[in-house]
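After this come two complexes, each holding chain A, first together with chain B and then together with chain C.
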Partner chain A sequence: MVGPAATLTPLARADGSASYQCPSTGSNILGSVNAPVELPGRRDALKPEEATVEVFVKPGTAPAGVGERYVEGIIKGVLGRLILGRERGYPRRGVVVTLATVGGDSVGRGDSYLTLLPALLHTALLALLSASVPLSMTFSATVLAVSDSGEIIREPSTEQAAAAKSLHVLAFSSKGHLLLNESQGAFDFETWEKVHQRALAICHGTSAIGSDGDVAMVEDVDGQPLEGTIRETIEDQVHRDYAWKIDAV
Partner chain B sequence: MNKEAPLSITERDFILNALREDVRLDGREADQLRPLKVSFGEEYGHVKVQLGRTSLIVRISAEVTKPHDDRPFDGLFTIAMELTAMGSPAWDNGRQGDLETYVTNVLDRVVRHSNALDTESLCILKGVSCWSIRADVHVTDYDGNLIDAACIGIMAGLQHFRRQDAVVKDGQVIVYGLDERVPVALNITHKPLSVTFHTFDEGKRVIIDATRKEEQASEADVVIGINNAGDVCFVSKFSGSPVDAMVFVDKTSVALEKVKEINAIIDKALQADLSKRAKNGMAEQSRAENDR
Partner chain C sequence: MASAAPSVPPSLTLPPSQFARLQPHAYLLAHLSPPASSNQPSIRANGRATSQFRVTSANTGSLTHTNGSAVVRVGDTTAVCGVRAEILPTDDIASWSVSHSSSSMNKRRKLTNPAQKPTQEEEDPEDETHIQQLNLLVPNLSLSTGCAPGFIPGAPPSALAQSLSHQILNLLHSTRLVRAEDLRIWYQPPSLGQEDLERHNESEQMDVDAERGEEVGKDKEIKAFWVLYIDIMIISLAGNPFDAAWAAVLAALRDTKLPRAWWDVDNEMVVCSDAVSESRKLSLRGLPVASSFCVFEADAAAGWRAVIIPDAEEEREIEESARKGIQRRWILADPDGYEEGLTQERVCIVVDKEEGTGKTVIVKMEKNGGWAVDGKELKALVDISAQRWGEVKHILEQC
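Right after this comes the complex of A and B.
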C-alpha cells in the first residue's frame, strides 16, 4: 500500500503549514497554523493559564455546515491535549489551525466526516510541527470500516464507507497509547477489539503487539506504519532546514 | 483585527520616493505584472494561480438544483470566497472583513454580472431542474492584488471545467457519470478579466498588480474589468483619494493589453493540460472520427 504524501511549509505567510495527500481517498488537505496570535475580545471565554486552540475546517466545494463544526470539535479536543499551551509565550494567546480540502472529493451534505478525519488530523499535526508549536507528543490516526460480512477495510472509499456497517477512527500517540476513538454505526466489543488491533498495526506496525506469525502478515498488507511515515516527513524537513549546520560539522 | 499591520512611516516614504523615481521594490515597470503561473489539478475545474507571492486555488463544482421561481430558464452561478487565516495571519476565521466583501463584490460584477458564463445554457428542464455552478476560491497566500488573481483563477477554472452530461427522457432528468459520457464544457460567452491599478501622488503615479506593501502605501485603487475584444464591463473606484478621469481613459488601453497577455497565458496552460488529458482520456476513445 502506498503511504500518504506530505509536504511541510508550502505556504509563505502562515507561521506553519502542511499539505497532505491521502492515497486511498484521494483527498488533498492544506493546513495552516498561526501561533501564537492575539485573540481579540474573547478574553472571558479562555482559560487564563493556557493557550486557546481554534480549529477551522473549510470544505472544498460547498459552504461549511454542521459536519465541519462537528469535526472541528473532535480535532480541537485532540490538539488541545497535544499542544503545550502553558509554555512561555502561549498562555492567553491563540493557536489557529485552518484546514481546507483543496483537492479530491469533499464530504457531501449529511455524509460521515470520519473518512476524512485522519487526513485532517495528520495535516494539523504536520502544520503544528512546521510552525514549531511546542507539543507533548505526536500521533498517527487511521480510519477503518467494517463491512456487512465483518471484513475490516482500511481507509475506505466514499462508497465503501456508505455501505459499511460501522466506521471507526482511532488515533495513537507516538508511544502507542490510544488518543482518539470515534465510532459510528452498530458494532460489538469483539469487533472493536479487532478494529483496535488492526489500527494499532497500521499506525505502529506489529512490533507494538509482538511478533505473532498471523499479525506479521497484516503488516505486509499495510506496508510501512503510519507513525514512521509522519516521522520520515519531519526528519526530511529537519534535515533540509539544518543542512547548513550539518554541512558545517 | 481583520486588518494587516500598517506600514511604518519610513517604509511608506521609501516606497513612495522610489516610485517617484520610477522604481518599484521588486524592480518591475509601472505596468508590468508579477510572474503569473496557472496550473491545473487532476479534476476538472481545479486551478492553482500563482501571481508573484500571491497564490490561490479555485475549485469549480456543479450540482443539479431547482432554478429560481422568477427565472425558470436560468441556471445558477455563485462565487464563494471566504478569507481564512491561511492566506494571511491578519484574517480571522469565520468573520467577514472589509476586504472579503469588497473582493467578492468586484468578482461578482466582473465575472457574474458580465454574463461570462451563459447561465441559460445551464437549464436542464424549465422551472424544474438546472445546473448550479459554484466557484470556490481558497486563498493560500496573500501578497496583494487578490482581485486580479481570483479573477484569473475563476475564468481559467470555468474554461477548464467539464460538467456531467444530463439529458431529459420522458420528463425525467438523467445525469450521466463522468465515465459514462464525455463531460460537457461550460458555455463561456466572453473572457473578462479585471486589472487593478493603484494610484499615488494624487493620481499622478499609477501602477498595476501592486504587492501588499504597495497596496498599503497607495492612495486609491481603480479596477477595470475588460475582455479580449476591448469591451469594458466594469469600472470602479470605491474609496480613497480622487483620481483624474483621464487615468481611466488612459489605463483602459493598458488594461486591454494586460488582459490579452493574461488570457494568452491561460489559453496556453489550458491547451497544454487538455492535450495531456486527451492522451489518456475518454474523449479520444469516443471520437467518431478516424485517423487516416
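Right after this comes the complex of A and C.
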C-alpha cells in the first residue's frame, strides 16, 4: 500500500503550511495556519483565557456549503483539545486553520465528508507543526469502509465508499487514545470493534495492541504505521531546515 | 447613599443560583461528587442521574398547512418540524431524459429476467439513488428564532445551524429512511385493446400501434417526484438540539401524508386529489433514534496541561484504581445548555432495532472533542441508546 506524501511549508507567507496527498483516496489538500493572530470583534461568548481555534474548509470546485460547516466543526473539536491555547502569547488570540481541496473528488450536497476527513486532519496537524503551534499530542487518522460482505477496506475510493455498508473515520492520539470516531451506515458493535482494532494497527502499528499471531499479519498489509509516516515527514523537514547547522558541525 | 449605609449589611452567603453562575464548573462538580460526609447521592445539578434523559413529549399534526408536522419537546429544548411536499415534474429535471432512458432500459432488462423478484426490485440501490441525486429531501434547521441568548434572531444561519442541517440530511440519506418509491408519481398509459386501436386509426398510426402493442402494461413512466421540504425551527434551545431536531423530523415524517397524484394526459400536468381518504402515508424504513452524551471532567484544566496527559494504557490502569475511589469524569446523557457549556467531549449515537430479531443496529456513532470515551465506554453508551430507543418509540407511537 502506497503511503501518503506530504510537504511542509510550501507557502511562504503563512505562519505554517502543509500539502498532503493521499494516493488511495485520491485527495490532495493544501493547508495553512496563522497563529497567533489578533481576531477582530471578539465576542463575549468565546473563552477569554484560551486561544480561539477557527477552521475553514474550502472545497475544490464549489463554494463552501453546509457540509463544510459540519466538517469544520469536527476538525475544530479535535484540534481544540490538542492546541495548548493557554501558552504564552495565545490567550485571547486566534489560531486560524485554512484547508483547501486542491485535487481529488469534491463532495456534493448531503454526501458524507468522511473519505476526505483523515486527509484534512493530517494536513491541519502538519500545518500546525510547521507553524510551531504548541500541541499536547499529535494524532493520526484513517478511514475504513466495511463492505456488504463484511470486508474492511482501508482508505476506500469514492466508489468503494458509496458502495460500502458503513464508513468509519477514527483518529488516535500519539499516546493511543481514541480522539475521534465518526461512523455512519448500519453496523453492529462487534463490527466496530474489528474496525477499531484495524484502525489502531494502521495508525500505530501492531505493537500497540500486543504480539498476537493473527494481528502480526495485518502489519504486512498496512505497511508503515501512519504515526511513523507523519513523524518522519517532520523529521525530514527539520533535517533540511537545519542542514546549515548540521553541515557546519 | 448616606441613608442606605446604616441598613442591613449585605449577606455573605450566596444563593445556589448565584454560585452556579459564578463558578459553574465547581457547582456541577459539587453535585456530581458530594463530600462523603454529606451522605448525598451523586446527581447532576439539574436533578437527573447521569444516564437519565429529560422528559420528552411529542405532538404531531399541529400545523395544518403542512403535509406533516410535529412538535417535540426534550426538557426545555423544543423543535418544531414541518414537512411540505412539492411536485417536481421530470420535465423540469435537466438531466432526466438522459439518465432516465438508460435506467429504464436497465429496468426493462431486469424485468424480463425471470429470476428477478419484485421485492428485490424495490430494494434496488439504483432506484434509491434518486433521492440523493435529485435532492428530493431538503431539510433546513433554523436557530435564528431567539431560541437562546447566544443566537440573534433574524441573523444568517450560524455554523451550528448549518452543521445540524447537514447532519440531518446526511442521516436521512445514510439510513434511507424515506423510500424513493413513495415519492414517485407514475403514469400508466391506458391499455387500449389492440383491435380497438386498429379500428380507429388503421392507416395513420400503424407504427405507433406496433410499438404500443409490445409494451402495454410495462411502460409505466415516472412523470414527477414529490420533493419533501423538511423545515425545523428550534424555538427554545436548552442544549442537545440534535436529538430534539431528529426526533421532530422522525415524528413529522411519520405524520406526513401525500395526496394521491396522477398525470393528467389532457392537461399534461400532475393533478392531486382533494380527498383525504385517498392520501397515503409514507412508509419509513425503521425508526432510528438519536441519543447524545457529553463528558464532564473533574479537572477543568485536564485539556491543556501537556505534562499530565497519561498514555491510553496508563489511563486504563488509573481508571481501574479509581473505580473505588474518586471518579474523575462523568458521562452525562442528554446534556442541557448549562452542562454543554462546561464540557468539550461529545458523543452522539443513533440506533435502530431490527424488526423481527430486535437486534440493535448502530446507524451513526460520533465521538469528538476529547479522549475520555474509548471502546468500553462506547459499548455502554450503545446499550443506553438502545434503551432510549424503546422510550422514544413509545412516545412517537402514542402521538
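By definition in this document, the second predicted complex is superposed on the first by the 247 of 249 C-alpha atoms of A that agree within 3 Å, B and C clash if a C-alpha of one lies under 4 Å from a C-alpha of the other, contacts with A are read in each partner's own complex, and residues count from 1 in each chain.
By our rule, a contact is a pair of C-beta atoms (placed from the backbone, for glycine too) under 8 Å apart; a residue touches a chain by one contact, two chains touch by 3 or more.
Nothing here was measured: the structure is a model prediction, and the numbers come from that model.
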Query: More chain A residues touched by chain B or by chain C?
result: C
Task: Check the residue A:Val249 against both partner chains and state whether it touches chain B (first), chain C (second), both, or neither.
output: neither
Message: Between chain B and chain C, whom does A:Ile74 touch in the aligned arrangement: first, second, both, or neither?
response: second
- request: Mind working out whether A:Gly103 is in touch with chain B, chain C, both or neither, as first, second, both or neither?
  value: first
Task: Please give the residue numbers of chain B that touch chain A in the complex, ascending.
output: 1, 41-43, 46, 53, 55, 57, 59-61, 80, 82, 84-89, 93-94, 134, 136, 138, 140-143
Message: Applying the document's contact rule, which stretches of chain A touch chain B when the two form their complex?
response: 11-15, 17, 30, 32, 34, 37-38, 40, 54, 56, 58, 60-63, 96, 98, 100, 102-104
- prompt: Which residues of chain C touch chain A in their complex?
  reply: 132, 135, 150, 159-160, 162-163, 165-167, 169-171, 173-175, 303-306, 309-313, 315, 344-346, 352, 359-371, 373-375, 378-379, 382
- prompt: In their complex, what parts of chain A are in touch with chain C?
  reply: 45, 50, 65-67, 69-70, 72-74, 77-78, 80-81, 84-86, 109-112, 134, 136-137, 173, 175-189, 192-193, 196
